[in-house]
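In what follows, chain A forms one complex with chain B and a second complex with chain C.
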Partner chain A sequence: MRNIDIELTTLSSTHHVEMNPSDAGFQDRYVVQEIIKEMAKNRPIDTKGKKRFKVLVLNEVDKLSREAQHSLRRTMEKYSASCRLILCCNSSSKVTEAIRSRCLNIRINAPREDQIVKVLEFIAKKENLQLPAGFAARVAEKSNRSLRRAILSFETCRVQQYPFTINQVISPMDWEEYVSEIVSDIMKEQSPKRLFQVRGKLYELLIKCIPPEILLKRLLHDLLGKLDAELKHEVCHWAAYYEHRMRLGQKAIFHLEAFIAKFMSIYKAFLIATFG
Partner chain B sequence: MSLWNNCLIYGVVSFGFHAFNASPTADDAVSLRRSAIVGPWRFAMGKRDAVVVLSSDDGGDEGEGEGEGALSSSRSRSKPAAKPHLARSEPRRAKKPRVSGSRSRSSSSRQSSIVDEFQFLEEDFNEVFTGAKVTTGFGRSTAKESWVDKYKPCTFEELAVHKKKVEEVKSWFEERLITSKDNLGDHVLVITGPAGVGKSATIYVVASHLGATLCEWNTPTPTVWKEYVHNSNTGQYVSKLDEFEAFVERTRKYGLISQSSAGESKSSAILLIDDLPMTHGNVARRRLQNCLHLLVQSTHIPTAILITDYGRVDSADREARFLEELHLSLESAGARKIAFNPITSNAIKRILSKICRQEKRNVASEQIDLIAKASGGDIRHAITALQFFCLKVDWPSFSSSSPTTVYDLHFGRDETISLFHALGKFLHNKRESVSPSGKDPHPMQEKFMRLPFKMDAPEKVLSQAHGQARPIADFLHENVLDFLDEEAVDDASAVLSYLGDADVLLHSFHGAVARNYEAEGVVQSAAASIAVRGVLFGNSHPLPPRWHSIRKPKLWQSEKFSLHNKDEMLRQRFMVYNGVSSIDTSVIATEYMPACKWLQHRLQAHEVMMLSTEIEDGISLDDREVKTSGDEIEEW
Partner chain C sequence: MGRERERERERVSFFRSLRMAPILQSSQPWVEKYRPKQVKDVAHQDEVVRVLTNTLETANCPHMLFYGPPGTGKTTTALAIAHQLFGPELYKSRVLELNASDDRGINVVRTKIKDFAAVAVGSGQRQGGYPCPPYKIIILDEADSMTEDAQNALRRTMETYSKVTRFFFICNYISRIIEPLASRCAKFRFKPLSEEIMTSRILHICKEEGLNLDAEALSTVSTISQGDLRRAITYLQGAARLFGSSITSKDLISVSGVVIPQEVVGALLAACKSGNFDLANKEVNNVIAEGYPVSQMLSQLFEVVVEADDISDEQKARICKRLGEADKCLVDGADEYLQLLDVASNTMRALCNMPQEFSYET
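And now, the complex of A and B:
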């Protein structure tokens, strides 16, 4: 028997515990098991002396490892009498079938743009802000249907310039700007040297904990905006290819860079073919 | 042999004791042992001719050594009563291990049965006598001995070390021994070099040539704690470093006292520190360094310190760095440094064939050649290999007339190369200028054709460098772009793709392949192979060789930072959001942090605190919290 020390913050009340087991990294499965067992042991008792249950909220279930999900399934069944589980995730495709079939699946859609606009208008009213017509819509449009993002950029705009004007610049996130910089770099020159410079920038982004998947997605997004229609299909294919390998592999930078190198190679061949 | 050696040394020590006590008893033996603990040094002409000092009044040359040897052996025979006790304490002082079999037996016998012990002693006695005979016969008669000891160089001609180096050492000692010794400042010579290049042998020969007595420090053999407790019920444990320090202190203050008891003139003594005590940790190392520093500054006896460079190829090793430091500090204290190089294979060949002649063995010259090559400049190893080779006449690989390589020998020091050397080979990608003529049975497409390597198979180079797949891949990834042609983006793409393959392979066994070490090993070597060969194949337009430095992967640093940042975020998340714990680090990194930085920036610029009424309560808190980590990131 070995002892494992895992530090994990949980949020709890008498009726519930909320936590993010994937923070524990590869040891997540012990966390899931232990917490649930612990909860089963200390069941709350209500005023009538009846045994009640506790609610366990697990976030980011899709980020749990396969082993952890497996053990979650077993514990769920065993202790179902003493606790109720609420599992949250971004994508159910990464939650195993076994768990999905044991849960009631509720899908929450991202808010539509008009819904976002409504929220923004509500905030403006509460904050006593003059909101010119169409500005909220532009913020909502840029937000990629993420309410959080919309509110954040709304606040940013408020700090940048108030009173609002209709065609006020809605600044993108700094890392997004950085990515577009990378994109224009690689469109300008295709050489190992340039690739090396780009590597430095990628490292910087990775150090800031921008997830490599999101990075790659953004890269592709920006590239597609600038590319010739002819190339789009091929570039998408390679992006998907390297994204898959990034998930299989360990060091994201290898695959990010491989994608950029591949793109450079394709783009250079295309330039030579078109302009000679 | 070492046990025998020590027996004789005890003869020497007990000699002094006889002056006080005519008949040594068991008690004496105990006290003798203690004295041995206090001062484990021995006087010797050569390592093995420990006896010589015993009565060689005028710093005996070889000829006298013979007689002395005989005398001492008779001496030890004359008092068999004291023998058992002496023998018991011997292993403490053994320098080289005896044949390992008998050694392990000696330790086991101590614990188990007395019968065994007696047998062991008997064996020892035999060895003492045969050993003594060997000494008298100029060390060249019994076949029992190892050739390394048997053919220990006695004259300058027999030394395989380069003449210049020998001359350098000799003249240094001459200067100090023959001319007046006090006006010269430095009295310490540091000899460095890999193992088996004849550092000690040179000193012995020089000493005997100059008629000087060698006083030698050898690190005592490590004590088994239990054994120590068993042997001495009193007294406290003295660490090897303490012993060494005490020894150095004594020599510095009083010179070699025992010298005068032997009736020597002080002028002809050389202090040899062959083996520095093992040190671990910075404190011990600093002590050793200080101690040696003092010795260098204040000693008046010509002193030689021998330092063996253990594979200095990997500079990351702390031990190696310490040695480096030690060299510097000794030199700064005024010690003279002479570095010995590995012995050339010609010199080794010369020695080996001479031994063959003397042993009347028939060894073909190409076999000697092979052994010399396999030894990697280590003559001790080469001689042992030769002896081993002569034990068995019909080596399978030699019976046929087929050409043999170093690797057909079943022995030999495996040559190693440093990681950077190997990386250089892979990155420079040197190839033959012409493809081999002759029809290839499986012709390949033009674009897959590559010229043959100018090096061994990559896997072999890898194994020589003891390359682990992960660091190899990381290093290659970091450096490969520098070695690509300016225009060759296709190559870069191919290389990086292969490195990605290696990465995927390396990750695959992380969880999926349950602890199956064999499979893991295969995956590891496959991944390394793919990474290396991918780099070699992908780089289809190798640049002409020029100097490039190889960088440490920046990846490691960046991983460390990003982990740290992530921890930071996780830690702040709960403080900041007060219950809204569901936010993922990626969201914090991609959305909150940039936004907050903006807000923060603006706030500082305008010096207005208009945001007291925040849109989201969380964010205002967030501002202050994230500020610190944001700044940190900026610094990086």
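And now, the complex of A and C:
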């Protein structure tokens, strides 16, 4: 029998244990088979006998491999007397049917913009900040319905300039600016030379740990903002196509570059057809 | 009343035998609580039940392979037959249950399974009312997640020790079991449960738990769970926790979270019909932010498109082709937003009769 070392951070309180098994990468199966099973097997130590089961919170279940999800199935049932699992994921499409049918599914929608505004106003009140009219709404609009992002950019604005002014710039994240730069680069010139330059920029983003699929989505988002309607259909099709290939493949950079090259060729053809 | 008490005593002694303290009833999920303990209680799987009842009488049984969709009673049947054959005392020494939560690599097959299979057992003598046939049972649950190598390693083991060991394979997809293994087993397909059976089981549970369901809610349970009894019971328990003892069909739908409201699907389709790409993009963003599962969205979109009267057959074909591709991509783990956006863009081009192919391609 071979031994495998896996490092895993857990967060625990008297009531629960929280972990992120997909951190173990392709070895996540062993985490589920050994650690989670071991935890689930033992009944909670409780002198008063009040707590009947313990709670395990697993994050990012949709990133778990198929094998790991399979391993989870029977554990969930067999030890249900002594342990309950709370599984969190971004999208339930990627959790297997077998696991979904064993759980009570609760959909949690992202907060609406007016709800985000309310939270920002609440924070402003607690922090004793003067909030000009419409400023919170603009932060909320830029946040893409993510509350965490809204609060972070709100805090950034506070650091950059206070008191707030009505038309204060809400700066996007660094990497997003960088992506916009790439987009304007490839809109300006479509050539192998430009592709080579962009490669460097893409690499730079990747080594800063920006997930490639988020990168691709941002590229598409910026491109869609600049293109004619008929090109939009084509570009979004190829984005979906290359993202899928990226998921199947190993090296993200190939597919990102392929997408950029494809875009260049489409755009060039379009320019030639329209302007000659 | 007397029978009830008898059964309760049986259950307690059953748990004692497993060296477990009796579990407080309320803390147990209903799926486990109402898991049939005897083969004859398994609903809707007549052939299997007939064959296995026969097995109980003659104490003779082949290798078995159970396959079928989730929640149809495969694991339940296998466990029930094992318990009924050996009873609580012999169960531990005669039955080995391995599922995907155990490591089942080729090493385990070569050592643990083989060792267990090789042990000889005493001749068949009835003990305490149980048939106790002269063989052991190895239950391999979720066998479709075993690697091909591990399955290959089992082939000879199954034959060599067939005198003293029977194998029960349980899986969802029979195609994942290699042919040599499948051909050594008696195969049983577990069908998805029909609406009547589902309703009668649900009613039984409602009676036991003191719940109140109207006819509409009952039929909703059967439709949203699509023949998966476990899912139906899970929904029922969830709804009971949230909404108390009287449950309407709306409560069940909100608990299940599987059915996307028709307005959301309608809004997306309307955006596609409008021919405005940015509007469709906004709707897609909305669907993602609201957290609706895209795979479900695709199937509901499919239903709406196929049944629509104002869409021509050719348009339907164009839309459905892309829907199928997107579904496959999602199974591969592709991004939900991009796939749904592509579907929306394709649907828009089909509905507004825009050219499907890129017109500037040289």
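Assorted remarks:
Criterion: the second predicted complex is superposed on the first by the 265 of 276 C-alpha atoms of A that agree within 3 Å, B and C clash if a C-alpha of one lies under 4 Å from a C-alpha of the other, contacts with A are read in each partner's own complex, and residues count from 1 in each chain.
As a convention for this text, a contact is a pair of C-beta atoms (placed from the backbone, for glycine too) under 8 Å apart; a residue touches a chain by one contact, two chains touch by 3 or more.
None of the values given here were measured: they were computed from a predicted structure.
With chain A as the common reference, the superposed partners chain B and chain C fit together side by side.
Contact with chain C, but none with chain B, is seen for A:R102 once the two complexes are overlaid on the shared chain. Applying the stated contact rule after C-alpha superposition, one finds that A:S80 touches chain C and leaves chain B untouched.
Of the two partner chains placed around the shared chain by superposition, chain B is the only one that A:H255 touches, whereas chain C remains out of contact. Using the contact criterion defined above for the overlaid structures, shared-chain residue A:S184 touches neither chain B nor chain C, since it reaches no partner. In the superposition on chain A, A:E60 makes contact with chain B only, while chain C stays out of contact range.
When the two structures are aligned on the shared chain, A:S153 is found in touch with chain B, with no touch to chain C.
Contacts of A:D23 after superposition on the shared chain: chain B is touched, whereas chain C is not. In the superposed pair of complexes, A:I210 makes contact with chain B only, with no contact to chain C. Superposing both complexes on chain A places the Cα centres of chain B and chain C at an angle of 90° as seen from the Cα centre of chain A, in steps of 10. In this overlay, which is a superposition and not a single complex, chain B and chain C have their closest Cα atoms 6 Å apart.
In the superposition on chain A, chain A positions 66-67, 248, 269 are in contact with chain B in one complex as well as with chain C in the other.
On the chain B side of its complex with chain A, the touching residues are 473-474, 477, 481-482, 484-493, 495-497, 499-500, 503-504, 506-508, 510-511, 554-555, 558, 561-562, 565-566, 569-570, 573-574, 579, 581-582, 584-595, 597-599, 602-603, 611, 613-616, 619, 633, 636.
Listing the residues of chain A that touch chain C in their complex gives 1, 30, 32-33, 37, 52-53, 66-67, 70-75, 77-78, 80-81, 91-94, 97-98, 100-110, 145, 213, 216-217, 220, 224, 229-230, 232-234, 236-237, 239-241, 243-244, 247-248, 266, 269-270, 272-273.
Within the complex formed with chain A, the chain C residues making contact are 20, 23-24, 27-29, 31-32, 70-71, 75, 99-103, 107, 141-142, 145, 172, 228, 230-231, 234-235, 237-238, 255-258, 276-278, 281, 289-296, 326, 329-330, 332-339, 341-342, 345-346, 348-349, 354, 358-362. Against chain B, the residues of chain A that register as touching in their complex are 9, 11, 18-20, 23, 26, 57, 59-60, 63, 65-67, 88, 90, 123, 127, 146, 148-149, 151-156, 158-160, 171, 173-175, 190-193, 195-196, 199-200, 203-204, 206-211, 214, 242, 245, 248-251, 253-255, 257-258, 261-262, 264-265, 268-269.
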